[in-house]
Amino acid sequence: MAHHDFTPDCYYNNIGWHDPVLEIAPGDTVSTTTVDARGWDQNGEQAATRGNPMTGPFYIAGAEEGDTFVVHFDKLWPNRDWGWTGHQIAPNVLDPGFDPGFTRVDEPLRWPIDLEAGTATQPDTLPGLVLPLRPMVGCFGIAPPRGQAISTATSSTHGGNMDYNGFVEGVTVYLPVEAPGALFHLGDGHAVQGDGEIVGTGIEISFDVTFSVDLIKGKRIGWPRGENDTHIFVAGNARPLDQCVEHASSELVRWLEADYGLSSQTAHALLGQCVEYDMGNVFDPAYTMVCKVAKSLLGQLGAERAG
Amino acid sequence: MAHHDFTPDCYYNNIGWHDPVLEIAPGDTVSTTTVDARGWDQNGEQAATRGNPMTGPFYIAGAEEGDTFVVHFDKLWPNRDWGWTGHQIAPNVLDPGFDPGFTRVDEPLRWPIDLEAGTATQPDTLPGLVLPLRPMVGCFGIAPPRGQAISTATSSTHGGNMDYNGFVEGVTVYLPVEAPGALFHLGDGHAVQGDGEIVGTGIEISFDVTFSVDLIKGKRIGWPRGENDTHIFVAGNARPLDQCVEHASSELVRWLEADYGLSSQTAHALLGQCVEYDMGNVFDPAYTMVCKVAKSLLGQLGAERAG
Amino acid sequence: MAHHDFTPDCYYNNIGWHDPVLEIAPGDTVSTTTVDARGWDQNGEQAATRGNPMTGPFYIAGAEEGDTFVVHFDKLWPNRDWGWTGHQIAPNVLDPGFDPGFTRVDEPLRWPIDLEAGTATQPDTLPGLVLPLRPMVGCFGIAPPRGQAISTATSSTHGGNMDYNGFVEGVTVYLPVEAPGALFHLGDGHAVQGDGEIVGTGIEISFDVTFSVDLIKGKRIGWPRGENDTHIFVAGNARPLDQCVEHASSELVRWLEADYGLSSQTAHALLGQCVEYDMGNVFDPAYTMVCKVAKSLLGQLGAERAG
Amino acid sequence: MAHHDFTPDCYYNNIGWHDPVLEIAPGDTVSTTTVDARGWDQNGEQAATRGNPMTGPFYIAGAEEGDTFVVHFDKLWPNRDWGWTGHQIAPNVLDPGFDPGFTRVDEPLRWPIDLEAGTATQPDTLPGLVLPLRPMVGCFGIAPPRGQAISTATSSTHGGNMDYNGFVEGVTVYLPVEAPGALFHLGDGHAVQGDGEIVGTGIEISFDVTFSVDLIKGKRIGWPRGENDTHIFVAGNARPLDQCVEHASSELVRWLEADYGLSSQTAHALLGQCVEYDMGNVFDPAYTMVCKVAKSLLGQLGAERAG
């Protein structure tokens, strides 16, 4: 149950079977930092190559293929007083040929962040608007199967660039281990993000992060699972969104049956009238849809999680 | 501003340019009933042909192509003490080839409804679970363009079988008028429905309904728009879900620009960090995705709706 | 086995349960004309409302729900010396945001047609290019289920605007009867069309048409089936293309099993190594994909069609 | 212009920035072998790990990011007298919930191959059927961008598991270089394959292969391009098929404009009436659609390729 302070000095733009930067044990906690999606750090310096550079990977002692890696986000908070966003809704989110009515700008839009008040503003474009911060990690994951190294632009079963605004402080995530040590990477912090990440960014910013890890030995899962105070959920990552729905829904059914002991009939009937879906992103090469169910309903059914 | 009590005696299984059952005026209110998706009425009698039979159409005096039809759901409440659902998550919602582990049953699953307590239960499959009623209309719409008559199994720009659980009491909906009199149809009440209608049904039940209509002359919209106390929203109906997102997002941008006076830059930047998406259905021939934004944020921007 | 000469004087822009223009019998042949997609006839006059106006519907005596309607295209040939096309590949066929590099023109591009030589040219844009005519009907079908009237912009199980360049002279098509008399409509002739109809048009032109009809009593099919000298095929109409593939492939499997007597194992193994797919359209609200297999291979297997 | 004989002794199950097995120069030819998709070699021995193991990578001297790698398939021919296929059309190719009517078999179906006659048969399931061999490589490609290593189950801009039955002897393919030396991998030979690879396999078999490589310095392309005697073509790899169409069509337009000197108007008009699409695969995580145009038509337009 050690606590590690880790200062990164190298970053990967893909999630893969890389040499670890630190070895930790199940139960350990790590405090570290992440740079933003363009590689700018807490001082606004270019510390890494553009394109969701990752802090890590962290090697979890004892993790091996067929286990489940567990990470809890203890703290996610911006460590500088400005972030940036895209200007324009991505063309794939609008009708083909829809004319946005203004020219694409490459220079990002800068948002002042008040870390004390916990708010973001964009006085030029959105005068009067004050958004409460809801910091989340856009991209994190562990080494994917078959020795792959997958770009941090996209996502799959290993996690990756899911850009789901529900990955906030207090959430626990479960991922399927494929490589020895699991090899956990994270980065791409957003101070705020709308559903779908439709301008291609949240409010991109560097973070102070504290996370804790754990391991469930010999438990194989198929897709990123998570939980917060109120819900258990699964993220499905693919295209089109329909396929995200298929992956996430199937995995939630499997979870309810295998770990909560629900019969198939009960799992289907429950989800039929009580399932909820959140949209992660509709911008990245793989989209993300989240399928979830309230813990309170499982409680009413007397279903408790084993394993 | 007349009030009409209307007792239906014929039902259509498509939404089209049919002879109206009642002529009403903008500002009028109608109290009527709807049968359930299989055509069973408040007494459980087969009153109409299976497949979302519609009450109506109602002819709105003065409505013509190029206007916007407005309907407000004043009251939506079940009028009998049981509903029914499907048993099984639809195969298109799960991974191809996913084995549900139990045989498909045609006989629907019966849910006792306590109208006084406002709750639904299914003691056999879901012992202990008590769901608060959240009555909604699964299918409603007005005559589609080009003289079409479109099955109540599906949906498009005219509304139809959107199966969005946000179409509840208190909501106002806007639809593009194509036929003289607009020709409003409604039915397919659900006492409760999960996101996506993934078992192919909500808790299907007959309703007592009261609705009020209005007309915005000379205003042309593209897709069903709506509002409730907290949000304005657009429903996009198509396949795959990606295309629903495109339709709904484009229409919301148009709405913000044309009626709220937002510049393109402001509309894009606002939605980028503040948009929300709800899933209507992923079961019907056309899926439904809802794109929405909080009225409070528009208020912060000082944007008020004109027209 | 009567022959009818029919001169149309009304046209529908949807395919539905309309009053027939002529009653014919199974075995009969009809010679008639069709106007082009904008309603321009053999003299270039506006004879009908723009948007794939249909000649018909023709009532086939004895046809009723649960039968299969059969049509053979005896002759399809342009009856004027010019056609027209769109200028620009549709934005949904290109990457989102792809800039075509020239401004959209509404005025169609005019193509001289040499009816004697059987060729089409477009000397301004495509100097030197001479395309052999391959006349096909873009849109045809019979009344859809549930009393629907479906726009001739789109397609479904009833046929409709499939825009498949394999629907040429000599082809026989099978469609599922839903309405009394089947109610056959046709129009939207193309002198030439590329795969996918990616500029939104073929070379649009008015036609002289001769077709023969037949009926298979009590035989229920699911999707448009067809055959030519070399292949049997099925058209699947939906979005995305993946769903077209699913519909067309499933129907071809059913066809091979039910009518050619192939075992499931044989049907799957045959299609696995021998299936062919053609793209109909990727422009209309519903796309079209055709799944086909060579008759010669069925011959090698000794499979003969019953029914 | 050296000729190399290369005998592989290691195989990768992903395409990435691996240490090369052989360095060759532009203009060189290599004769080598590939094992089948399950890693079985010419003797039926397990020589590599299951899942499209690749021969290579080959390092092309002088290749660097921003160049175009060129490979010509001089010879593709099976080197043993049997291949194998799947039994069942994949569930994602059929309607959701479609019951194939027979139980999934893991043991592959064995097809005798007559190398002299150049034919394949499957006497048990397909008695009487004799298929001419049409050998093709299912999976080949070069190192992808951003240091990625991408599973040979899937495909993208770098090539990969496209399973397009047009990648036969005599074809030349162009791929975008991302890594020093390009790093060419190939394998997954099919003696025969239907469109779409709908049973998840062609007739899988080990190959004798001869290929020649070349380099176009400083030329950047976006997607795999190819040509044979009659056509130039582009492969788009993604999901759904619609997105494959978008990628492939956009790249073909760019190719025609940049290298053949066609104006945008001419490129759009030509493809509108003359484009052809072939389906690669609808089985793998990324599907493949090929967009092509006949060289003879380019000849009629007087368009010659520069660069």
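Order as written gives the chain letters A, B, C and D; numbering starts at 1 within each chain.
Note that in this section a residue touches a chain if its C-beta (ideal position, glycine included) is under 8 Å from a C-beta of that chain, and two chains touch if they have at least 3 such contacts.
Model, not experiment: these values are computed from the prediction.
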So if I superpose chain A on chain D by CA, what angle comes out, to the nearest 5°? 180
Tell me which chain's centre, taken as the mean of its C-alpha atoms, is farthest from chain C. A
Taking each chain's centre as its mean C-alpha position, how far apart are chain A and chain B in Å? 33
What is the distance, in whole Å, between the centres of chain A and chain C, each centre taken as the mean of its C-alpha atoms? 47
Residue numbers of chain B (touch at least two other chains): 92, 96, 239-240
Of chain D, residues touching chain B in the complex: 90-92, 96-97, 240
With touch defined as at the start, can you tell me which chain B residues reach chain A in the complex? 85-89, 92-96, 98, 100-102, 109, 120, 122, 125-131, 192-196, 198-199, 201-203, 239-242, 245-247, 249-250, 253, 257, 264-266, 268-277, 279, 282, 287, 289, 297, 300-302
Enumerate the contact residues on chain A facing chain D in the complex. 12-14, 16, 51, 145-151, 153, 238-240, 243
